[in-house]
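I have a structure here, written as structure tokens, and I will follow up with some questions on it.
Every chain is named by a letter (A, B, C and D) in the order it is written, and numbering of its residues begins at 1.
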Amino acid sequence: MKLSSVDIARRVASDITGGSYVNLGIGMPMLVSDHIPDDREFILHTENGMLGMGPAALEGAEDWDIVNAGKQAVSILDGGSYFHHADSFAMIRGGHIDISILGAYEVAANGDIANWLIPGPRPPAVGGAMDLVAGAKQVWVMLSSHVSKSGEPKVVERCTLPLTGVGCVNRVYSDLAIIDIVDNGLIVTAMIEGLEREELQTKTGATLNFAPNCEVLKPFSEAA
Amino acid sequence: MKLSSVDIARRVASDITGGSYVNLGIGMPMLVSDHIPDDREFILHTENGMLGMGPAALEGAEDWDIVNAGKQAVSILDGGSYFHHADSFAMIRGGHIDISILGAYEVAANGDIANWLIPGPRPPAVGGAMDLVAGAKQVWVMLSSHVSKSGEPKVVERCTLPLTGVGCVNRVYSDLAIIDIVDNGLIVTAMIEGLEREELQTKTGATLNFAPNCEVLKPFSEAA
Amino acid sequence: MIDKRTQSMSEMMADCPDLKDGATVLLGGFGDTGVAVKLIDALRALGLSDLTVVSNGAGGGEYGLALLIQSGSVGKMICSFPRSSDSKIFEELYAAGKIDLETVPQGTLAERIRAGGAGIPAFYTATAYGTPLADGKEIREFDARHYVMERAIRADIALIHAATGDRWGNLTYRATARNFNPVMATAASTTLVEVRKFVDMVPAEEVITPGIFVDRMIEVGDYT
Amino acid sequence: MIDKRTQSMSEMMADCPDLKDGATVLLGGFGDTGVAVKLIDALRALGLSDLTVVSNGAGGGEYGLALLIQSGSVGKMICSFPRSSDSKIFEELYAAGKIDLETVPQGTLAERIRAGGAGIPAFYTATAYGTPLADGKEIREFDARHYVMERAIRADIALIHAATGDRWGNLTYRATARNFNPVMATAASTTLVEVRKFVDMVPAEEVITPGIFVDRMIEVGDYT
């Protein structure tokens, strides 16, 4: 049993305090915006110059002046604002974004993250990832699967790929578990139903600690 | 014979190229804004956040949200704009202001200027003077009198008062002369009618050179 | 629902851990323009001690900042122009050695605050090079010009004056009452705003300070 | 009378010494949003060589920047994300070693350009510390955190896309088409602007880029 990407996004959204300012990375983190609980309002920042990002534009009704960091046509909600790139990254660098939510190739027990470059012939492209992980108050990583396609752990003792930032990740959400990264290492705060601690440890490249009241995660369709 | 402060201001204004962006210091430089020639438009910057500064507000019609760097109620002309302090000084520091026009206690042959502090018991106050002299493309100094009340030269070999900036003054306008400051020193480009070169030299604390076609200045009321 | 509007000054100042003895406080405004006078009065009523106040001036007359200083709450001023025709209260305490002063060029002051809000711990500026205000600071040459290293200013509290504000904390300013306010709003742990008028929503293109920088607001009406 | 509006692209590009071989060129825009496409086409028509182009991306498809690169005018790109689903032209030249690339985190890129416009030769940022993009750069500790020293970017030419512009060069932008444009407008010796629509006057409170940063404008209509 494991969580779907939508299940993970739903859980991430439910963990965000109302009133938070949140930046969602391109890809899987964007799913979070579709699952904001009805009981709270939080504000999405897109680093190309907007607060109050709303849902994707309807097909055929795109306004290509209103795009997100992935260059997709989106919308703006009431209470939003526009600003230029230097102001936008001053917000990020200055610690005003409460949570930056990103994908990653590797996350290490010391909080390091590698999510921008797999060495190869293509030109290295970083975008705003390094600014976000260095600047946001909290960095949460979403992993659609706890291990890579070839079965290698993505949560590791030390990253092997080129780093995006050092000591900056606070929490990892995967299809199997939720892991907080603290000074002393990794603490599993929630784990998928039916999974043994030993099995999760096998699929993780660094020593896991388990919170005393480790929560049991269920896929949404299975949940009460 | 000598120029009045208004005469000096009139001459300064006539020396400013149309289209220039100009910052006028508090006090005597403000007179320049009253003498902009009809044949040109230039734009006044006030460092507290406005381009397009217009004349002083009429008495009784002051809008105290529209003030200049001297905290006087002024007006804004068509084509003006407002911006915050950091943006305003980015304009100054970044070399976007064509001419900064200030008063001074002392100006030296090496371009140094002292215009902010006479040591004493009162708290030292600098305002935007150091930013303006370091940042503007050109720095012009207006001296209501070539020498101090006690007869000491204000144009000197080296400043004795605490400096506002180093090597930054390009030109001095006084009641007796117009002096350019270049790499090799002081060049008098204009001098009041009837004044001998030796007399101007006596009233100046550094060696003067005279431009080949040194202009003769006349008080406005005397001019043709 | 996000709603940063408060209905009373007591609500505004309650339960704010950043309002504490020894706090660093940013006060917006330039002269009497764009000053959060009612918030300053409320701060004075708290009777805090040993505050470091960052403001362009050191207060004039017998109101606002001057009274805050007179009350004994302020241990140190950081300003560009701590002197005016009626800055007696500050000047007397300064002469008596009862209050510290750090004089900073106006543009450097604005930029140090901007840096604080933008996550930049230090930067270089040519302003003040060669002057007493660079004494003790690191000097460095870039491209054959000398620069002074300046450190960021971050504060516990900012007291801001704005023209309009909506429930998300988005602000507009009026004319040169903008001045230091938008910059200071970014550089404090808690930003408190007095707003002339609450509005339903500031249009996205017209927002000068996005709500992300604002914690609480109170409506004060026109302040003149 | 100040009038920065031109009536033709030939007038726009004529007699501009900054349009030269080896020039550094800032190109506004993010993806296809807010890009000065017609100015880029006009730049390509000049057939210059060895340009350094600063832009968030390295062009996609077969238009605008991609064609400029294909034409052989560009020796080096400075960007944050020089890669997209259709960035073939750049990627082929890059793989063939025919074009240089400096990859810069997006926020550092924006801030380096802002610094260039604001007269700040260098600043420190935590972004990229501990990553390959900090290789060879000065690292410095402030308050127990590590920062990377970054240098300002200044350019000869900026090509900017704006929504409206008046004769003084005051500009507005639309939504996220603002992006890098206002920042880049401040950091070039010559700033050329394509404006969707000329207007009589941009109201002072609505100006995003004050005319001081603008040299020439051309009206291009809606660009989508």
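Keep in mind that, in the parts below, a contact is a pair of C-beta atoms (placed from the backbone, for glycine too) under 8 Å apart; a residue touches a chain by one contact, two chains touch by 3 or more.
As the structure is a prediction and not an experimental result, all values here were calculated from the model.
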item	value
Neighbouring chains shared between subunit B and subunit C, ordered by label	D
Far-end chain from subunit A, centres as C-alpha averages	B
Comparison of A-D and B-D (more C-beta pairs in contact)	A-D
Length of the line joining the C-alpha centres of subunit A and subunit B, rounded to whole Å	56
Interchain centroid distance [CA atoms averaged], subunit A/subunit C, Å	35
Rounded Å distance, subunit A centre to subunit D centre (Cα mean)	30
Subunit C, residues touching no fewer than two other chains	111, 114, 118-120, 125-126, 174-175, 204-205
Subunit B: positions in contact with at least two other chains	50, 76, 82-83, 89-90, 92-93, 135
Set of all touching chain pairs, with the criterion as stated earlier	A-C, A-D, B-C, B-D, C-D
Subunit D residues touching subunit B - in the complex, by the definition given at the top	1-2, 114, 116-120, 166-168, 170, 186-187, 201-202, 204-205, 207, 210-213
In the complex with subunit C, residue positions of subunit D that touch it	111, 115, 118-126, 140, 142-143, 145, 147, 151, 172, 174-175, 204-206
Subunit A partner contacts - residues on subunit D that touch it in the complex	30-34, 58, 80-84, 90-91, 94-95, 101, 103-108, 110-111, 113-114, 125-133, 173-183, 208, 224
Sites on subunit A touched by subunit D in the complex	46-50, 63-67, 71, 76, 82-86, 88-90, 92-93, 112, 117, 121-131, 134-135, 162-166
Of subunit B, residues touching subunit D in the complex	18-19, 21, 41, 43, 45, 50-52, 76, 78-83, 89-97, 135
